[in-house]
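Each structure below appears as structure tokens.
Here subunit A shows up in two complexes: once beside subunit B, once beside subunit C.
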Partner chain A sequence: MEYLYIVMISLGIYVILASSFNFVIGEAGLISIAHPAFFATGAYVSAIAALRYGVPIPLAMLLAVVVTFLVSVIISLPALRVSGDYLMIASIGFQLGLIELLKNLAITGGAGGLSGIPSFLVPQIGNGGYAAVVWACAIAVVLVLRYITRSDYGRAMSAMRDDELAFASLGRNPMWVKLWVIGLASAIAGFAGALYAHFFRFMEPDQFDVLQSAALLTMVVVGGMRTSLGPVVGAVLLQILPQAITFLNLPPSVLGPLQGILFTGLVLGFMFFRPRGIVRMDPVWKGALQDAPASGGTHVRGA
Partner chain B sequence: MSAVLEIDGVNKSFGGIRVAHDVTLALSGGKVLGLIGPNGAGKTSLFNLVCGIVKPDSGTVRLNGQVLDGMKPYERARLGLSRTWQHIRLMSSLTVLDNLIVGARDYPGENLARVLFSVGSTNAAARRNAEKARDILARCGLEDTADKTLSDLPYGRQKLVGVARAMMNDASCLLLDEPMAGVEGQSYATMQKVVREAAAAGVAVGVVEHNVAFIRDLCDEGVFMFSGRILARGTVEGLISDPRLTELYFGT
Partner chain C sequence: MFDLATIMQILWTSVATSSYYVLFALSFALALKVNKVFNFTQAAVMSVAFYTAYGCVQLLDWPAFIALPLALVAALVLSWFIEVFGFSILRERKVEMLFVFIFTFMVSQLTVYLISLAFGTWSHTIFQSMFWPVTLVGPIAISGWDIPALVVAFGSAAILFAFLRFSRWGQFMVAVSDNPDLAELYGIEKRKVYLLTILIAGALAAIGMFLYGMRAQVQPRTSLDLMLFATVATIIGGIGNLFGALIAAVGLAVIQNASILFISSEWQAFLVYAILFATIIFLPGGLRMPKFGTRFETKTREISLAEETPSAPPSTRAE
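On to the complex of A and B.
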């Protein structure tokens, strides 16, 4: 039972990460790979604040959210001023640079990582209770992002993704939209990091490396980009599969490569047979107000 | 009759090619000005310079007396400068109605905090914008297209949607880039009506167009551009009957 709770907690955290990543690359069409780095930022800020400075955990988690928001905006600002391609380059730089930094700073515990991070809520409510909290957060994140996507803000995001120049010429500020999208999604990833740190109580820099970017991208693409449910399905599927194959009792020399083969195979398979993922997006943006009228009946976006 | 848009001594070179050579031009409210000239004369480049998409090497652009130099395209649009594109540039994942709504002057979806925390004001603005968009679509004879997407419409009607979208922000200056290219039949007549109505409402309209009949029917005045220079300004009839300009246009 305890094992199941731990799997559920890990699943919930990946649901939060995949959903917020979809918000950036799917809904807003911004090419960034640094989502695991923002996950790490949140995890490390919260852990260090609580472990080294004795900050009360709820406050440390809040701090993690604020710092991740600010870091993501500061990293993206110069790149967004130039053009879309630079965001990808900046995100690669941040993703790789942060992991090196975490490996080499004393305060982050270097390559050995941080251990003995104070736990949050678990002594009071147990693993089951914490799993419930994580899933409540995950559901809230999915619903809030879905609300935004279907609001007037979502219409602006779709318009910007389609044609940024036309969008700007209508009097809309694309940079402002992008900054808030990245800031919000990164802050959510930072929050997921804090949830992670205070449950697992140990972490090392390699957990947040660029392979995590590939894993998150796979979750979003396989699950269904630009839908609210797709990233949830993708996260659950791609978290459960590796867990499942560990039960096969294969030797580690086979198990290690098998995970990579599984991910790659899934992406290739989906590319050929179901390029839009398990949950298919509606190519036309639909707002919350448009589902009710007769005309909206045929499409229900990301249901 | 005061100038709404003033272009004053604007220069721009791309490498050795001069797309604007000391261009000075004024557009007045309530008037339609046609920009005529062969391909490569710098007509669309002039629009891009005015809209802030291309930065001029020198010169000044003013809208209703306010200097626009250094402003970004979205800032200029907010001050009342609206344009259409030769290749339409409608958003392909939005319906026609949503294409218009996203161009509204007071668009709540620009501000995440407003959308999340000020639901009442957001909904009120959203209702106003949807109503206005439907109103403009009706005036352009596009009521039936509201829920359609770009790919459902013939080219001529896509162009009309582009013009309809440009009218969403109550601009005082409207720049139309080849509104008639590829437009025929009913859409042609509607386009004329829509542009005339905009001018009658006091908007300063600038039109780049190769369709001489359209220019002659619609424009109060025309300017002839050639390799980045304005060579002549006058009645459209006068410009197209000038043998010197005709020669430049057809390149004999």
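On to the complex of A and C.
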């Protein structure tokens, strides 16, 4: 049963991560794959604050969210000067640079990682209780992001994604929308990192490398990009499948690559045979089209 | 620490090291120039080239003159497969750039996992020993690998530039890189040009990987790191400027090797990523590197300016 709780906690954290990643890459169309870097930032800030400075854990988690938000905005301010493939490569540079930084700083425990991170809530409510807390957070994140996506702001995001020039010509500032999207999604990832750090109580920089980006991309693409449910389905599927393989009792030298082959093979298969993912795109404009007068089109209200 | 002999040695080592970096950068820059893709599948091609050579030489005990051409063929076959069953399908579907990126990235990752499964995750070299005899030329130690590597790398680069400049297919590649639709109107088969480009890029990457694998240890993930270096060089050199990518690769190799004078070796990787991030953000158009064949371009531009009304300069894809 304890094993099941651990799987559930891991699943919940990945649902939060995949949903917030979809918010950036799918809904806003910002091709940044550095989401695991913000996950790492949250995890390390919360863990270091609690472990090294004795900050109470809830406060450390809050600090993680605030710091991740600020870091993402500060990094994005220059980074968002570029877009498309340039932004993607800049995000790779940032992510790999951050990992190297984590590997070389003493405060982060270096390449060996950080261990003995104080536990949060588990001594009081057990693994089952923590799983319930993580899933409550995951559901809240999915619902909040769904609400934003379907609100006026979400429609503004879609407009910006589809035609940034037209969006700007309407008097909107795409930069503010992008900053807000990245800041919010990164803060959520930072929160997921804090949840992760105080449960698993150990982490090392390589856990947050480009493979983690590939895993998140897989979840979003396989699940269904630009949908609320898609990343959830993708996260659940791609967390459970590797778990199923562990029951084959294969040696780690075979198990790791086999899980990777499964991940990447699934993405490639979905890309060519079902590019829109398991959950097909929501008709985001449906409500607006139904409300719109017969002669008129739709318009974007305030951002 | 900063005596002339040390500086000269570092400069020589940097130039020698740049031999494979030049090939990786040219391969990446060529695919980006003609096919307009950030071709991260290059890492897969590099890995396949290295592990085929390693398997033939070390496991099957075949001589290098058979192993290396065979590994080159394996790299070309994979390049052909990726173009025909990957890029061309995605191109036909006119998919978003994000999907192309995911495709290239996933192919590289899949290859890493397949190789890890087949060969393990520990380090290998093509030959038993990666140490080469050293000759002292004045204060500089030159290894037996250095000069052949430089000849191969810069010879390959010279052949590539000559091919693009003087051969018919090379000119087709330049035409397609400039305006694929117009090139097609003139009867150039885009598909064949895209395939040829990927094959040439694959061959350059494979040759670079042979040079690297004769001197350093390779793990399944090594090619991904090497390719990021190529990405930095391509962007600094200016997208579409192969000669710029070549110069940038040499410059980066010098910076990376010389950095040991100022910072510890653990921070070298950080330096590369920091340069990557800063270059894209602040120099998305790259540095103003000289272009190979500039005189010809300037001449044609002068003629067109005289005949046509001036138009707006082409914008970069960056904002």
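Rule of thumb we're sticking to: the second predicted complex is superposed on the first by the 276 of 303 C-alpha atoms of A that agree within 3 Å, B and C clash if a C-alpha of one lies under 4 Å from a C-alpha of the other, contacts with A are read in each partner's own complex, and residues count from 1 in each chain.
Here is the rule we use: contacts are C-beta pairs under 8 Å (C-beta built on N, C-alpha and C of every residue); 3 or more make two chains touch, one makes a residue touch a chain.
Quantities reported herein were computed from a predicted structural model and do not represent experimental measurements.
Visitor: Check the residue A:Asp85 against both partner chains and state whether it touches subunit B (first), subunit C (second), both, or neither.
Guide: second
Visitor: By the touch definition at the top of the document, which applies to A:Leu268: first (subunit B), second (subunit C), both, or neither?
Guide: Touch status of A:Leu268: second partner only.
Visitor: Please work out whether A:Leu96 is in contact with subunit B alone, subunit C alone, both, or neither, and reply first, second, both or neither.
Guide: Second partner only, subunit C.
Visitor: Between subunit B and subunit C, whom does A:Leu59 touch in the aligned arrangement: first, second, both, or neither?
Guide: A:Leu59: touches no partner chain.
Visitor: Who does A:Ile25 touch here: subunit B (first), subunit C (second), both, or neither?
Guide: Only subunit C is touched by A:Ile25; subunit B is not.
Visitor: After the superposition on A, what does A:Gly260 contact: first (subunit B), second (subunit C), both or neither?
Guide: Touch status of A:Gly260: second partner only.
Visitor: As a test of reading the superposition: which chain, subunit B or subunit C, is in touch with more residues of subunit A?
Guide: If we count touched residues of subunit A for both partners, the winner is C.
Visitor: In the overlaid three-chain picture, which partner chain does A:Ile74 touch, first (subunit B) or second (subunit C), both, or neither?
Guide: Neither partner.
Visitor: Is A:Val177 touching anything from subunit B or subunit C once the two structures are fitted on A? First, second, both or neither.
Guide: Touch partner of A:Val177: subunit B, not subunit C.
Visitor: If we count contacts the way the header does, which residues on subunit A are in touch with subunit C in the complex?
Guide: Within the complex, subunit A contacts subunit C at residues 25, 31, 78-79, 81-86, 88-90, 92-94, 96-97, 100-101, 103-104, 210-211, 214, 217-218, 221, 253-254, 256-258, 260-261, 263-265, 267-268, 271-272, 275.
Visitor: Which stretch or stretches of subunit B touch subunit A in the complex?
Guide: 51, 53, 72-74, 77-78, 82-83, 85, 89-95, 98-99, 101-103, 105, 107-112, 115-116, 122, 125-126, 147, 149, 165, 168-169
Visitor: Could you please specify the touching residues of subunit C with respect to subunit A in the complex?
Guide: So the residues of subunit C in touch with subunit A come to 38, 89, 93, 95, 97-99, 101-103, 105-107, 109-110, 112-114, 116-117, 120-121, 224, 228, 231-232, 235, 266-267, 269-270, 273-274, 276-277, 280-282, 284, 317-319.
Visitor: Would you mind writing out the residues of subunit A in touch with subunit B in their complex?
Guide: These residues of subunit A touch subunit B: 147-148, 151-156, 158-159, 161-163, 165-174, 176-177, 180, 184, 283-285, 287, 289, 295.
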